[in-house]
Structures are given as C-alpha cells and as structure tokens.
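Lettered A, B, C and D in written order, each chain numbered from 1.
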C-alpha cells in the first residue's frame, strides 16, 4: 500500500464523516456538547486542503500530515486524540514508500497506544478507545490468521462497530460525558462512533468501491 | 348616596378587576405590554387598604381618596388617567355627605373631561375614553329622561360595554397600542374594557346584589 | 414560565434588595423605591433623575453614579413609576441647582413625571425635562403617541450626566440632553418575545423563521413581521430605517444593544455589520458600546442606536463615569 | 433556530471582527485567532494567556486588557482552541518573564494547552499553568474527567492578572492562580438549554416545571433534574452544594453569573438570596459581581461562584482593571 492508498482512505473518511456529521453531533448533544460532527468535518476538510497543497510521498508522510492537520485544526478532545493516533501511526511507518497490511496494523497499534497515553482512557471508559482497541486487535488477529487485507480491514471495521455499540450501556469515565455520571448510560459515545467510521472507511477504500 | 355607597362601588370594582385580571392583561399583551390587569388589581387592592385606614366621610372624600391612591400606586398610563378621573369627580362633588345620582353623573362628566385634558385622547382613539364617554353621556341622558338610579347606571354600563366593543376595529392613536399602527385593529382596548367593568360595578352596587 | 423569582409580586423589591447588597456605592430606599448615589446630593450640581418600568436592566438603576444619574425610580415591570417615587427622588437629589428629569416618551412615563414635576414645583424645586423619543420604528404623527424612547436614553443619561458633573446650569444640561436626543435614532428587531412575570407567557408568538421588526422595549409587538435573515440582512433593515430618518455621516456613537436574551457573541456579529454599513455610507463608529443595556426582560434580539457626534458630545461621552453598568475614565 | 449570525461556519470570525471594531484597545489577529492587548507585551511582565471554546462571552476575550489577560485564544463554539493559536499567543505576549496559561479543566482544553506548552518550551518560552476546576457539581474522582472549570476562571484571571501587573515572577503568579482556584467553588442551574449554531436545536429539553441542576457551560445536561422552585430554593440548592464542599465563613468574593439568556433583574434577585444565605452561615459577600460573565450562549439560568478571600486576594481583586467586560480602579 502506497501514499495514494492512504489518501484514498482519508478521502473515504472525509466522505463518511461529512455524511454522518449531523448524526455525530446529535450523539454528542446527548452526552456532550454537540460539536463532534462539526469538529471532525472541519478537520477532515482541512486535511483535504493540506493533502492537495502538499501531496505526501509515503504512507507515513500521509498519516503524519493527517495527524498534524487534525491537531492544528480540530481543537476539542478529539483533535489532539485523533491527531495523535494518526501522527504516531505515521511516524511508526517511517519513510517506506510501500507498506504491508501488517505494517499498517502495527503502526495503528502504536497510534492507539499514544492515544491511551495522552488521554489515559482505559477500555470501558466509553470513549473512542472502546472502538479503536478491538478494531486494531481484530486487524492484527485477522492478518495473523492469514486473511487478505480486504477481509482483515472488514474484520477491523466490524470490531470497531461492535466496540462502539458496546459503549451504549457504559457509564462514561473520561471526557465530557463523565460529568453526567449515570445519566451517560444508554447513549452511544460519539468518539467511538466516529472511530467505527474511520475503520469502515479503511475497508471501503481497500475494496475499491463504495 | 353617601360615602358607604361609594365604598361599595369601589369594593365591587375591586372584585370585578380581580376576577378579570388575567383577561385585562391578555388584552394588553395583544396590543400593549401585558400589565393592565396587574396594574389595576394592584391599584384597587391599595385603595381598599387606604379606605379601611381612613374611612371617608363623604362621597367626594371617597372618590378623591380613590383617585389619589390610584395615582400614587398604579403607575403606567392608566394610573394617572383613572386617578384623575376619580379625583376630579370627587372634587366636583365637594363635601356634601349625600349626593344625588344627577350630582354623581355631573361629577363623572367632570372627571372624564379631566381625563381627556390629561391624555388628550379623542373618542375613536381606541382608549378608555371610548368607553367612558358614551357611559357618562348615557347616564346623564337616562337621568334626564327620568330613569331611576339603578336603571340609569345600567344604561351607563351598557353604553360603556358597547363603547368598549366598538374599539375592536379601530386603529389606536394614543397609548402603546398606537405603536402598532394598523396591527392594533381587531383587538379590544384593555382600558376601554376596564372602564366598562367600572361602570358595570356601579350598576351592580346600586342593585344591592351581585 | 420559568424565572429566577420568588413571587410575581415581589420581583422588583427582591431585585432592588440584591442591587443594594451588590452595590455599596448605591443607596437603595426600598420603601420609597428609589436608587440613589450614596455620595449625593452635591450642592450646586444639577441633579439627574430618571426612571421607568422595570425589566430594562441595567437601565436605569445600573446607570446611577458619578457622571450619570443621581437617582433612578424603578416602577413595576414595564409600568412607569408613580409620582410619589419621582417626587421623593427629585427632592432628595436637589442640590439647589435644579433637577433634570430624563423621561422616555411613553404615555405612562410622561404623565407620571409630569404630575411629579408639578408637585416638585410646589415644593420649590426647579425641574426641567428631556423627553427621549429616538425610535424610528414609530412614526411621530397625530396618529401615534409619538416615537418611543429606547437606546438613546443611555446616551442622554451619560452625556447630560457628564455635563452636570462639570457644574453646568440646569438649562444647559437640559439643552444638551435635547440635543443628544435630536441627534439620535434607534431601531430594534426581535427574534423572540419576552415573558413578563405577570403574563407568564410570551407577549407574542413568532414562527421559527420570523422576526419582529421595529419592536419597542416592552414586549409590545413591532410594526411588522419579516423573514429571519442573516445578521447582515437584519442589520441592514435597522440601518436603512435609521439612515432614512437621519442621514448618517461623520463620527457617530453606536450602541448595539441586546434585548436581554441574546448572547454577546451575536451582538458582536451585529456590531461588525453595523460598522461595515456605516463605513459604506461615509460614517464612522467613532465610539461604541456593545452589550445588554436597555433590555426587555428575556427577549431575544437587538437594537441599534446611533448618535451623530459633535466634538462636545464626544468629550462628554468620554468623560469619566462610575456606575454599576457603565464605567470608564480615571 | 434563530440567531443573529451570517452563517454557522463564520460565527467566531464575524464576532471577532465586531470585537476588533468595537475595541480599539484590543488587537485582534483574525488569521491566527488571537485577541491581544494592543499595548502588550511589557518587558519583564509575566504574560497571561487563556482561551477555550467560544460561546462563553465575555470570557475570555472580554477580559483581555490592563490587569487581566494579555491574550485570549477563542476556539470554535464550545471547542477548545488548537495548539497553533496558543503557541502564537504565548510567544507574542512573552516579555521574557514567562507566560501563564489559565486553562479550564476540560479534556480538550487540557490536551490542546499541553501540546502548545510543549511547543513553546521548544521555542524557549517558559510556561506555567493554572488548571481551573471549581465546579462542585462534578465529583472529582477516578470516574470522571475531574471537576469542570467555570465561574472561578474569572477570579483567577483577575487576581493573577493583578499580581502579574505588579511585576511578580511567574511562579508566584501561578501560585496565586492555584490558590484562587483552591479557594473557589461554583454550581450552576439551567432553566433552559442553549442552542449551538451547529446543532440548531436545544441540547436538551426541559419540561415547563423542570430545571437542570449542576450544569456546566457547554450546554451539556447537568447531573440531575429537579422541580423549578423559587429563586430562594434554587439558590439554596446551589449554596448547599458549595457549602458542603468548602464550608463558608468570613469574607467571600461572589459571582452571580447569568448563563447568557437570563435577564439581569433575575440575577439581582438571585444575588439577594445568595447574600442572605451567606449571612445566615456567618459569611459575607465582601466583594461581588452580578451579570453575564461566563455564559453558555443563550442558556437561561445562573451559576454562583464563591471564593474565600484573604487580605491579599481582596487587594488584588480591588486592583485596577481595564478590559472590555471588567473595569474599575483609577
């Protein structure tokens, strides 16, 4: 997979986020401050602009540019967290012009570790970590089990979607939703929902069709 | 009619105004500032207190006390206007301990003249003047035609009610409602409505039954 | 209706109690219902008294202090004060140089201040009056009670107050008040109606895409309804109305005023549009004020007031003022 | 949704344009999205930078000026600013004595200011941080992101700003900020939710007889719902919560803060009740502020913040300040 593959992935995330903007904001309105959809939409629009201004040469470049732009343009909790996720993943990839699915999986694992370090959220705290953790684990596992990249990405997306759904009954312990205490229960975490979109976008772009 | 007759009348106005408080306020909300009911209710409650603190010896006294109290307690447009109406009527009655219906009618005519002088409203301007003018005229006329006081007061009340109703299609030219221009048309003037209550109270108290 | 009140009948008294507790530099007479500067009256200084219905806070009590009012007479919500209050305030602030009544042009305010002025004359206090009628939404004609007094009241209170502080005689203080009024125009737009405690529900209903144009400050409906437009469009409606009545040029003093329920961020957006409009028309917002100053309870919306400045007016506007709601200068 | 805006995406830029036009004493960098004192930086003076999501006006930009902040970084509505803004502001106000970041305790604000502080360290600017977390409605435990920063932010900005103006070194300015925060508690009550431009509808719905207790300043629902009571009852809920967390006694500094859509008259009613409560409990509102200072767009409601004063804190609170939203002293 080359830099173009990553920019395709980013395009796909951008599309999904734009389409789900209202939904993500509505999720955030229920237990947060009603800006998650607007935040990501603004961020990915800026990423698009950054990518066409300075087309990346390697997958690592692309992810570092993505992450850095999110950090610089989104704000809020999700900006630094997603920014760190992609930026760390990009750094882990180094400067190879082509990377394997297993290398991408390892890089995303590193990205997730950086997110956990930055936000100190554990799985079960009702955050994006609840979707990203099973997703990255499923991706590693599927590839280890010999799955092709399309199938492995699908497994990751499914795991993220399931992880997101599993946040519904949880009581939030990180981020704004934690202020609600028990009243956060019964709601889907917006960051977990957007993480599932990100993983689904990976699968869609690997499938070469929407 | 002695001072007690006038205090009965005042009691009856107080009761009617309290009962119609919400209605008067609603009328004022439509074309004014939603306080006419509260204004009069506050004013007549204060009059009651003033009357028991210093029971008036003559009808003139009672009306001067009534008018003065309204001026001092109501505020807004209706406070000085109704206050002047009753205060001038009381002054016109002088200090006789007993007055005839014709004397009362003449006094109310003087009161109305003072209201017109103060507010410079003409009939047809969509104000209390539109109810008071025909009421006072009908009262004078009925008495001239030899009617008894009960019948004459009834005629006055009917004329006030009709005068109030006749304000509905008018375009206001005085008071807050005038700011609305044509949009004041189609609404009953709150001051005209309260004037009708005042005249109806006179009839009720003369009938000795509610 | 949800409001932070104890009872409909105690709203004004309870608020004055809070005002007294919060501002030691004021003296609040709860019985007489008058708010005074604690340091007045000053012999030889013209006293300034204003008042009107409550519900427009900070107007008027929030403008009592050095360089502005000597006393304010708050009436019930949207109900002008009674003559007793005004007489009490006028005699108390009289320092021998006469007292100026600043009266917004509403029938109730005019009548009650007039009655009070007569009673004050009986007591030997010389009273002059400035009648504020800046609202261009109302046509001043035989067919109305005349223009309403709205945002320019603040201009008059500030500028006349500064001149009085300089020791000018009553006639001059009144004349500058009249001049400010003559040079000022206002226009208001509501996005929602206000709810008075007595009525318990909004005084009018607007659809989700409607605004009320040419509103006053008492929850009364405006002259017409229009579509809810952008900030630029709403400001243009207001400014066109001002401009049609008093062509704008040169230095102006601008108040972009919130009606009580509109967040400050939106008022700054409106101010940006007013500023741009003025520049387009060859005028400048040389002085400005953005915020909730002459309000209408919880109404959402804004009004724009513009005063065509002279050097004198600018100097008096810039003069020091120390009141709860307006303070600057050293 | 009706708002005085041009477009959802231009709200913050348009408001900053208006702020710049209204306040010549500020310098607004629209591209970098930073609001500066026009007269800064002063060599040798500790710089104060704060920031956070927009929608809380006048916080923070309204508190930029002499005796308070040197710069403010406004984010999008309810979204913390990005590191670039903070780095830009921090390096620009650095007068060689270091810069204090005043950060409200929200995950987003904390992370973005942290990232910025690291980048500033790379550029050789010494940065200290005060984290404001005064809101007792949130239990500070392993199970939350910790208490929110709300009304006490104003106290910290004013008092740390005054000390910086006196020429104190960074460590002391940071220490007094921490002390103010440690001595301050807040609690908020909403009568209605706010509507963000992006969401277009209220972030929660309340029945006609319900209030939301323990709200923050981002339209997030509170910890619980209760019946809409009198002003006295609502204030008691808030004050009991403060008192349970930090027993009140002696001189206090009190902010009765409107959430943006509540009229001033109601805030004064609330203040009267706060003042009475304090006196009942052997404390005094020695200093106070009543008004819309730390808002949540058009939300109706109020919050109470109380800081237990020391002589030092009182002196610094009283020190002169000249900002768009807070000014006193000579």
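Here is the rule we use: a residue touches a chain if its C-beta (ideal position, glycine included) is under 8 Å from a C-beta of that chain, and two chains touch if they have at least 3 such contacts.
As the structure is a prediction and not an experimental result, all values here were calculated from the model.
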Number of steps on the shortest touching-chain route linking subunit B and subunit C: 1
Path length in the contact graph (subunit B to subunit D, fewest steps): 2
Intercentroid distance (Cα basis), subunit D paired with subunit C, Å: 29
Inter-centroid spacing, subunit D versus subunit A (mean Cα positions, whole Å): 32
Intercentroid distance (Cα basis), subunit B paired with subunit A, Å: 74
Distance between chain centroids, defined by C-alpha means - subunit A, subunit C (Å): 54
Shared interface positions of subunit B, touching two or more other chains: none
Chains grouped in pairs wherever the two touch, ordered by label: A-D, B-C, C-D
Residues of subunit C touching subunit B in the complex: 8, 53, 75-84, 106-108, 111-112, 115, 137-139, 142-145, 148, 196, 198-199, 203-204, 216, 218-221, 223-224
Subunit D partner contacts - residues on subunit C that touch it in the complex: 1-7, 11-12, 14-19, 21-22, 54-55, 57-58, 62, 191-192, 206, 208-209, 211, 228, 230-232, 234, 256, 260-273, 275, 285, 288-290, 292, 295, 297-298, 300-302, 327-328, 330
Subunit A residues within the subunit D interface of the complex: 25-26, 29, 31-35, 37-39, 42, 71-81, 118-119, 171, 173-176, 178-181, 183
